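In the two complexes that follow, chain A is the common piece, with chain B as its partner first and chain C second.
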Partner chain A sequence: MIDNIPYDRPVPGHRRAERRLAARVRTVAEAYALLAPSLAGFLLFLVAPIFGVAALSLFDWNLMGAPSFVGLDNYRELAADPEVWRAVLNTIYYVVLNIPAQTVLALLLALALNRRMRGGKALRVVFVLPWMAMPVALGIIWSWVFDPRYGVVNQVLGMVGIDGPNWLTDPAWAMPVIASVNVWQYTGYTMLILLAGLQAIPHTLYEAAAIDGTTPVQRFFTITLPLLRPSLFFVLVTNTIGSFQIFDTVFVMTQGGPGGATDVLNFHIYQQGFQLFRSGYASALAMVLFALILLVTAAQFLYFRKRTVYDFS
Partner chain B sequence: MKRVALYLALLAGAVVSVAPYLMTLNSAFKEPAQVLTTPAWEPAFPLTFDNFAQVWSEYDMAGFLLHSLVYAGAVTAGQVVFSTMAAYAFGRMSFPGRDALFWGYLATMMVPQIVTLVPLFLIMREFGLIDTYLGLILPTAFGTPYGIFLVRQYFRTIPRDLESAARIDGAGTLTVLVRVLLPLSRPILATLATITFITTWNTLLWPLIVTNGDATRVVTLGISALKGQYSSQYHLILAAAALALLPLIVIFLLFQRHIVRSIALTGLK
Partner chain C sequence: MSRKIALSAVAVATLLSLAACGGADDEDSSGGTVTLRYALWDEVQKPPIEQSIREFEKAHPAIKVQIELNNWNDYWSKLQTQLAGRSAPDVFWDHVSYFPKFSKEGVLTDLAPLIAQDKVDTSIYDSKLAEGWKVDGKVYGLPKDWDTIGLFYSTKALKDAGLTPADLDGLTWNPDDGGTFVKTLQKLTVDENGKHPDEAGFDPKKVKQYGLAMQAPTGQQDWWNFALQNGCALQDKPWGRWTVDQPACVQAIQFVQDLRLKYHVAVPATVTNPPNGPSLDQVVGRGEAATAMDGSWMLRAFDTALPNGGFGVADLPAGPAGKGSVYNGLTEAVYAGTKHPKEAWELLKWLTSERHQKAVAQAGAVWPGITSLNDVFADAWKAKGVDVTGFKKAAEGTTMGYPLTEAADVYNVKALDIFNQVWLGQLSPQDAAQKITTEANAAIK
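Up next is the complex of A and B:
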């Protein structure tokens, strides 16, 4: 690629070196020219704000007048604020409701679909349909589905003689209902990624293991699960990062209620930053969310690295 | 027997996947009283378009959809063009700082979006872009690390010989990109465009922060405000939700093949 010099006639050694250098300089210039718009956007709208938020977290500023430097006061304040701790625990609770359910369901579906069958392709498309839905619209639809009087869920429960709870206004049920939106939305997506991972496992391994007289359950734990680890790792890491940022459904369905039962970090940050205009404090909270995500991601990396994948290639 | 159980389980999953869409659409065609008195799975009869007509005339539904179309359309156009350019530089050219920069891009995928929002808001306010399309569009229009990664991976699967042949014929970098690589990359570009459009169409948080007027109100803001106002008038808010979802369903059905394949690919490095 660097050698786009015409080959037509021989050139003396030093001239050739000069030309090579000129071509190299040109390539580098072209590469940066191609990169320029994305790099400008990256630096201005992603990198600068990341440093900006770290700096802002050390100030007290209501977006008017001059910001005043307060050192670590924002962090001291949030550490002493029971609402912040509640938001952290709510966020973790949401992730815990969400990720295991979604991953296990997706794995079961992927295992079921990982064979030649009539309509397998169509089923895949159907399972991915929820993935594209607008979370705001889903929040509206779920609020209706879980409406205590007019909702489908309580109507069905009523048919079998169960008096359903007031779901979204019940502090114990509001979060599970919100988590169910996400499980519904992302199970199919997760399933597709796991299915691709399953299909990459060579058949010969299963055949050899079957000849050795292993049971299907043994084969699942000794072949499928270890070889699926990279795909599992990928969906766990990316889905967890996404789940920590839950906002839309909370905004539409509960606004953090009832009684703060669904006040998650992202929603809390939004309220502090953009409703109460405490931008320094909101920035400090954003740093906490960032740290939490980094911590959990790092833990997942360590866990998966410890259990290394055996390379069959 | 085992096979029947398997099919039944998969069928149940499929029903759960489409039921919320179908029930919403069904109920949006019912008369207001029927929405409350009949179960959601009971077919709408008689069919009425009144709910759609009402949200269309009493609220600026057409405006919401149009604003979202401009927002998502502009971001998609920008992302496809700029991600492709960057992906070519990252995937096919060598230059100092390439790998460090690429890892820098990838690392930011771990940064939660909310982290950037306060500073982004301040930047937009500084440039007087609050409540404008530019303010909405700019932060994501120059390509995202995800988009660049997606296209770069695809470019790397295209044989280099094709490119060298064009180079020997005297083609420059831009010609090679436009004439050789792009025609071969239609599937991935369609995928990137579809995913970007859907993601942007569905975005709530950034529009919530950077706009507050009617002139740029996008559909996510429009229907969530509607829900706040008419929380139990389900015939209206379901009709509005159906209208907001409709473009997504059309796009999805048009591009489902690309979408399904690209999701499957994201897990395999």
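Up next is the complex of A and C:
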């Protein structure tokens, strides 16, 4: 809408300023009017609950009786709670399993699909399909796939003589399975963003580099990767945030088990809030998760700020 | 992010329904018919119940019943969230471990005036069951059923091992060498080379069939029974403090761990740990275990997995302190906030009537809450060639009820986590016992 500001014709000084101000006010008002619906949603469903949760974290409330103010007790308790630390470590473990695998896989796929080929468009759709499906439904289907007796995975392994493990009830395997399901689900989406980033890189750069006698590998590291940073930055930040919030796959596939092996922070929050009905304590945990994500995102911003080029011209 | 949606949806839904205080319109009532919601958690019992409810609907054309089925784990968090949101089902299964909390919070309808008004004869119910649900003259539910734990076995596995059902009678166990119980389970455990755990060259990593399968989210079907047989009390008194850290209890927990990790006669926890492990009827049904400790409510499931006389039920072994089984019963309860109290009471009367409980008993689903119908249940199984009277004998012998406590939520959630770890060998029975005792007691105000 900025482009629609009427072009200022030469008019006497103060009138010109007046008109310019009026135009700006109109533009701003217009912008806010257009933003209003999403802004209202944003305030009501995202900002307000954050403050609500922050306030609730200072109370003890079982949802039924009256809440009682306990100050910072919930935070003191969680700092000393070994299960919280286990949940934090489990969450980090999940992020570490998930993000690198997903990003590298998506990058390879994007590079492969970033060329003219038969069925390329159809393949793109296929890779993005899992991202459009319901995570809960997917979790149920993957539980069948990984069923130790009847699941496809162990049947295939059995054909080559490998006795497959009890994927979801073995503490060593449960988290890798959860992570792989999510890698599978979100790689297509990440690939899509990276593909768009790849296509924004001017061809002339590659042509010039080719004339200079560079190898494809050199071109990848000196042109593709640096110029892909804005896209990489975007997917890394949003996917990392999303990964820290992992819940549905765990809820459907393992319920935090076996023996707490997949008890990630968000599941722990659910358990405290909706199984033990300690909504104050759950809120305090949610604030911890919020702080953790904020910290990691800030670190990512700092790392990429100096290294990212947005302007290709 | 879509990952967040599930959680925030639950949160928002809860907050909204809290704010609305049950403001949701009930469209059905306007049309003259009332739709009642009836919540339960056992899929195995659902078909005969559903069938009987269709009859109820025929007799009451103005009432429709919608069954809401959620598994045990989800049932309680869902029900309690609904109670907090004032949108609970009109009639639901209630369990003694949640009863104290519910009666205190006033979410259950006191049935005493209704019973008096309609002159309902409550003497037909097992008094042991009915009494547990009365507080200060108020009646918060009528008995639905009762259950004890037994040793389910596969007749084929027994035969293959050269044993007869009589060989499972009179078994004993002890914390030192496992007793005849472990000896028998060793005979029923074979590795891929046909060796038993007490033989040289037995490979515990390549077991073809285990002697025993166990699975219990709370302990009801596994270590509580051994605890009782070892003279352990889970609490110092009803409504009292947890005493799981007592030596007799720790020994029982140790024994269950030993069955898996020391004697190698029980299916490993990586297979059976709840909530993801397959139910035990499946484990025994596909020949991975010869026997399983499970509740009488699982009879129909075992009958499906091992039809035509493929299974039988033996008594649990006796421990150092003798025989014993966990005994429990459920009630049908009416939500205090129901918008259709009259209709809900009609449904409850049906569910606790002789006609309904007889139909459910005839289908072999659960032992009925009405004493005179016990034979109907036993006969239904006798006709199928299964002798289930052991459950009844167990109920008449030494039993332990479900612990009565305000800390049911904490105990249930923590026990699932903690005992999963014990059975996997990640946590010692002593540490586990201390942990669950401390955490559950901390939740008692």
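One rule holds for everything that comes next: the second predicted complex is superposed on the first by the 262 of 313 C-alpha atoms of A that agree within 3 Å, B and C clash if a C-alpha of one lies under 4 Å from a C-alpha of the other, contacts with A are read in each partner's own complex, and residues count from 1 in each chain.
Rule of thumb we're sticking to: a residue touches a chain if its C-beta (ideal position, glycine included) is under 8 Å from a C-beta of that chain, and two chains touch if they have at least 3 such contacts.
Everything numeric here is computed off the predicted structure, so don't read it as measured data.
Engineer: Applying the touch criterion given at the start, work out whether A:102 contacts chain B, chain C, both or neither, answering first, second, both or neither.
Structural biologist: neither
Engineer: When the two structures are overlaid on chain A, which partner does A:241 contact: first (chain B), second (chain C), both, or neither?
Structural biologist: both
Engineer: For A:251, is the partner it touches chain B (first), chain C (second), both, or none of the two (neither)?
Structural biologist: both
Engineer: In the overlaid three-chain picture, which partner chain does A:49 touch, first (chain B) or second (chain C), both, or neither?
Structural biologist: After superposition on chain A, A:49 lies in contact with both partners, chain B and chain C.
Engineer: Quick check on the superposed pair: does A:180 touch chain B, chain C, both, or neither? Answer first, second, both or neither.
Structural biologist: neither
Engineer: For A:224, decide between first (touching chain B), second (touching chain C), both and neither.
Structural biologist: neither
Engineer: Taking the superposition on A as described, I'd like to know which of chain B and chain C A:113 touches: first, second, both or neither.
Structural biologist: The answer is first: A:113 touches chain B but not chain C.
Engineer: Could you look at A:135 and tell me whether it touches chain B, chain C, both or neither (first, second, both, neither)?
Structural biologist: Both partners.
Engineer: A:262 contacts which: chain B (first), chain C (second), both, neither?
Structural biologist: neither
Engineer: Looking only at chain A, is it chain B or chain C that touches more of its residues?
Structural biologist: B
Engineer: With the touch criterion stated at the top, can you tell me which chain A residues are shared between the chain B interface and the chain C interface?
Structural biologist: Common to the two interfaces on chain A: residues 45, 49, 52, 63, 135-136, 143, 241, 245, 247-248, 251, 266, 269-270, 273-274.
Engineer: Residue numbers of chain A touching chain B in their complex, please.
Structural biologist: Of all residues in chain A, those touching chain B are 1-2, 4, 6, 27-28, 30-32, 34-35, 37-42, 44-50, 52-53, 56, 63, 109, 112-113, 123-145, 147, 150, 152, 155, 184, 188-189, 192-197, 200, 230-231, 234-235, 241, 244-245, 247-248, 251-252, 266, 269-270, 273-274, 279, 282-283, 286-287, 289-290, 293-294, 297.
Engineer: Quick one: which bits of chain A touch chain C in the complex? Just the residue numbers, please.
Structural biologist: The contact residues of chain A facing chain C are 45, 49, 52, 63-65, 83, 135-136, 143, 148-149, 165-166, 168-171, 238, 241-242, 245-248, 251, 253-260, 263, 266, 269-271, 273-277.
Engineer: Of all residues in chain C, which touch chain A in the complex?
Structural biologist: Those in contact with chain A are residues 1-8, 10-12, 14-15, 18, 73, 76-77, 80-81, 83-84, 105, 269-278, 286, 409-410, 413, 416-418, 420-421, 424, 426-427.
Engineer: Could you please specify the touching residues of chain B with respect to chain A in the complex?
Structural biologist: Listed in rising order, the residues of chain B that touch chain A are 6, 9-10, 13-14, 16-18, 20-21, 23-24, 27, 35-36, 39-41, 82-83, 85-86, 88-90, 92-96, 98, 101, 104-105, 108-123, 138-143, 145, 148, 160, 163-164, 167, 170, 173, 177, 198, 201-202, 204-205, 208-209, 219-220, 223-224, 227, 231-232, 234, 237-238, 240-241, 244-245, 248-249, 251-252, 256, 259-260, 263-269.
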